[in-house]
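Both complexes shown next keep subunit A, but they swap its partner, so subunit B is in the first and subunit C is in the second.
What follows is the complex of A and B.
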């Protein structure tokens, strides 16, 4: 059980660790269609990002303001393009403000994951043997656990807040990055240019900074994109389970939670709209990740 | 690795399925009249000594008290056939029903009553203060119990509707014995067979019940915290009946196999203010806010019509007085009261006095979906009238009573008025003194009226005292009163017997006449 997850990322294996769940559904566009799909995905993400960034200018309503005269309106109602929820809150406004929380958590958590993962991978690859063992075994152990359980435990202990969610995601997602970074750097360590750098008198730290990390970046970049998707999905899951962002702060996951009790009551759109936003974002992120992956594989390395 | 993860996924799915089956396996068996009812809350133990009159269904069905309540919540005989009250209202003589047996076959006697009253009074429980006025309780013979009181205690007969406990099982282990709470033995119409924690409790009919065997053979109480899951199980036929959330009622209305039982409850919601906070000291501010909320709109939106506007804590009580106050949504009154009290609208249209805007946080238990929704609506309504209120639900464990500004609270009892008034509103019960007056509300007139109300059995005197109480509250409202909730239960269409009665918190009390329930076909 302990050896299971490490096998595929032993030294020399530079392919990124495959993600699971919804993230595993990669879109692999055939041949030249790849570029069009890639740009579509980028376009979708830019649009989502802009919507989140400019939310206060795109709507003049307050996402928390209820309107008891306009409850449970269907999409397309004048003044409420996406309809309203059971308390009369405008779903368009809530989706925009929800995008802010969801994308912010996704980006910040993914950034922390990638930086921490790369750092730990570099430490493991170049540090003393005991440190290498400690980091890889910890990563193995965490990979062997259902991560949602770990994230749930963390969120339950620390209470619901934006920072808890970010930390819970980072703690449960750094392992693939670290293992790939470590494997990549160990392979690089034996290359002539690295040896040359050492013989020129560069310290270990300088070699890591100037040669090992920059050259290990392409495969890490491919995982990083997946990590964004993973983070958005985990935030939604935690919020849906009531352990993510505080319930009155709109996020896509929280909108799903709010809508849950209406699952069978005919207001399908309160569930469908946030769910669709999550799926579209994840698919777009995955298309980009796949594109990065292929790009790196075909063009090779330069140094 | 992919395969490894897939295996985990399959394992998790299988274990989920297995637990699902275990819960589903409690369904009705053939040729037996059984009822499976699902609700969200599961108690920690089935022991009436540890809870007040808001009994969960299992405790309600397993135990019986000396008294009970009828459909109008009037006290009627149960284990006691009759009683006499002395002229000074300080001596009660109860004549017990003969031939009553416990579920284990032992006879029920006066010693059990003495044991229960003394055990609860001296046990140091949350319920102990209910018997604090009892100076002595003695068994004159096997069927006569005499209770001596320090002073008149009108709520005593209500309190005695709570279950009597068996001395022969608890004399050594104590009245709060945890093992007994797991396997309770009572004198009620149903006995507990099995209790799977977190899943279900199965009860079977007690053939020797004093009023004759009940109409149903078995009742299973299924614990399903998620309301959406309850509705799915109800539609699938996994369960026969369920406690529903208001928005789900419409889904059941078209189902020919189900019938809705919608009963009023004495369970109200209001906004409590932390009176230790100087900003809430002015009664005018709290009066104005009582005119700033549109209660009808809250009932229609949050409760889908399943509730009634609240004007005070006694709306469901016989002591309610109509003329004490009439809180209706009235922006004009808000302007008038606030302006008179010296407040002005500032640049952001928020009321302020001496440069201090009326701005505070309204919180409640985040786990309670109805309360969380209600604070969003109340906050919006108050903001529209110039009170800068932010809704901020918090997890139950994170609520700091001493530190909060305002809170959406729930109280109310369908039984004796005193039991849900003295704790929340008497100044001696303030939070700092360990009481349930969480807002530390203090008003001398209210204190005096509450003391007068609990000091006599005389209905007219009590009515006068509680009328004074309601008028004092109108002058100095402790809460912004919002709504009373209705309890919505779905039951099989061919189930006869459930009868409307004002219920308690969480709709508890729905099984009050379960011995009369049966299937019609």
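What follows is the complex of A and C.
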């Protein structure tokens, strides 16, 4: 099969493969984007990452310390750049420490999702037929379910902690990665260099590691970026519902839970600041993911 | 076929969740009966045996499934009420909310998608695309908080939540005024952009086809061309995603029902999750999943109505 840069996932052995559900959200915006948007997004994320990484050096206050003499201060108060909440906790400090947990959960959960999804995809693509059927059927079935509800139930049953949230996200998000990895690897499996590798006596594991996974990486990378955004969104939702990170550990979702009641009393900024951080981060991640998607479609293919 | 597989996966998932959940249903039942006093260990063992909790896993699954089919979803750990009753109280409100939200997002997606698909202005198309892209990064609960602030706190157009004052008779007008804001927040959540894009791409694909040109040449008025000849075939990709869309709506309803104090499945589920009331939580997951499966089937049927070519495919599935 002589292929140009337009070979796509759909050319698998079993006809068109279009994962449903989550992937529906991954249609590129028409015309929008471009290089400037991409660099802005990268800049925003680098800033967010730096804020999260250097949080203890950027502020000397304790995110959980309450101060009854300085409650509900508006943003711009000397000493409290973003103001304080009803318990006198400094919002700037809590935002920085919240960035730590939110971004950490997002990255770790997405990493586990991608590794597990790629592994299951490889198993489905190279394993026996019954395993392939089992994995793809399970993935399709899970994609048809309201997944945030399943994640919520998982988190509730396992008790709230950082690792629970990460696992609940991974269990409900591996399917798109697995389906794309499977389709990609099935297409690769028929190619001469993979057949040559088999006939040279390489084991299935060696072929998967050396030939299938590296060549299937470009589309997986695009999905991986989307998974980061999805993980941040899910974590914030779970934390907001009180089933994510424990309440003493600030995350952007937890900040919103605390602030929800202040919306009606006029301290709208305690809601607006964490909400803006969540939205800006997810949009920036999605811009990069869309860029990767497009980049991959035109350039990334090397075979 | 797919629906059957999804149902099986859903039931296994729910059973495993219930089985792995901490706590002992036998002990919980006895303690609820004795009014919270400690129960002797022997009685718990006897109750476990009587409830079949010591049976092997497949046997327990079969027992549980049999109960579910007969409408027996167990009793709440918190108040001992039958779970089925609580679901029956909450489900109509969620279905109402989801139906109104579906209506809003259908109308919104068709109007915006049609404008974006038919417009020759690149600026307008790009602006709509950009707005939808940004919307895709807004979690449902953030959008709901924004709606609450703008329309309830700031403008004061709609009540901030609940369903009227307790004790007052519930009229259609109070329900309508209370359902509007949560339904708006639900309808224009982060999946609205996907629907708009599906309608837009469908319309764009159909717009250039021969039958549209033929209708224009015959002198069919533009509005009739746009609705009858462009929109109907253009809606096919959107209808094919309808079931997934309803799944997103129902999932999004969880946070939104909590924010607007709406007495539906989402609030029931979240409160059960916060109070470790696992029978209620699992029942909520199960019933929500079944509604979603039904919506998926409905989506397939609607697709078959709109696109006769898909009919044979839908039957074969």
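The criterion applied here is as follows: the second predicted complex is superposed on the first by the 269 of 303 C-alpha atoms of A that agree within 3 Å, B and C clash if a C-alpha of one lies under 4 Å from a C-alpha of the other, contacts with A are read in each partner's own complex, and residues count from 1 in each chain.
We take it that a residue touches a chain if its C-beta (ideal position, glycine included) is under 8 Å from a C-beta of that chain, and two chains touch if they have at least 3 such contacts.
Here the structure is a predicted model, which is why all the values come from computation and not from measurement.
Q: Touching A:260, do we find subunit B (first), subunit C (second), both, or neither?
A: Both subunit B and subunit C are touched by A:260.
Q: More residues of subunit A in touch with subunit C or with subunit B?
A: The partner making contact with more of subunit A's residues is C.
Q: Given the touch rule stated above, what does A:278 touch, subunit B (first), subunit C (second), both, or neither?
A: In the superposition, A:278 contacts subunit C only.
Q: Please indicate which partner A:157 is in contact with in the superposed arrangement: first for subunit B, second for subunit C, both, or neither.
A: Second partner only.
Q: Considering only touches as defined above, state whether A:247 meets subunit B (first), subunit C (second), both or neither.
A: first
Q: For A:201, is the partner it touches subunit B (first), subunit C (second), both, or none of the two (neither)?
A: After superposition on chain A, A:201 lies in contact with neither partner.
Q: Give one of first, second, both or neither to describe whether A:192 is in contact with subunit B, with subunit C, with both, or with none.
A: Neither partner.
Q: Considering only the touch criterion stated at the top, classify A:237 as touching first (subunit B), second (subunit C), both, or neither.
A: After superposing on A, A:237 lies in contact with subunit C but is clear of subunit B.
Q: Quick check on the output: what are the common subunit A residues between the subunit B footprint and the subunit C footprint?
A: 20, 146, 159, 242, 260, 263-264
Q: In their shared complex, at which residues does subunit A touch subunit C?
A: 20-21, 24-25, 27, 29-32, 137-138, 140-150, 152-157, 159, 229, 233, 236-237, 240-243, 256, 260, 263-264, 268, 271, 275, 278-280, 282-283, 285-287, 290
Q: Which positions of subunit A touch subunit B when the two form their complex?
A: Subunit A reaches subunit B through residues 4-5, 7-8, 17-18, 20, 64-69, 71, 86-89, 146, 159-160, 242, 246-248, 260-265.
Q: In the complex of these two chains, what residues of subunit C are touching subunit A?
A: It is residues 2, 5-6, 8-10, 13, 17, 20-22, 122, 125-126, 129-130, 132-134, 136-142, 145-146, 148-149, 153, 160, 190-191, 193-194, 197-198, 200-201, 241, 243-244, 247-248, 250-252, 254-255, 258-259, 269-270, 272-274, 276, 278, 281-282, 284-285, 288-289, 292-293, 296 of subunit C that touch subunit A.
Q: What part of subunit B is in contact with subunit A in the complex they form?
A: Residues in contact with subunit A: 1-2, 4-5, 8, 12, 227-228, 231-232, 235, 245, 247-248, 250-251, 294, 297-298, 300-302, 366-367, 369, 372-373, 376-377, 379-381, 383, 391-393, 395, 398.
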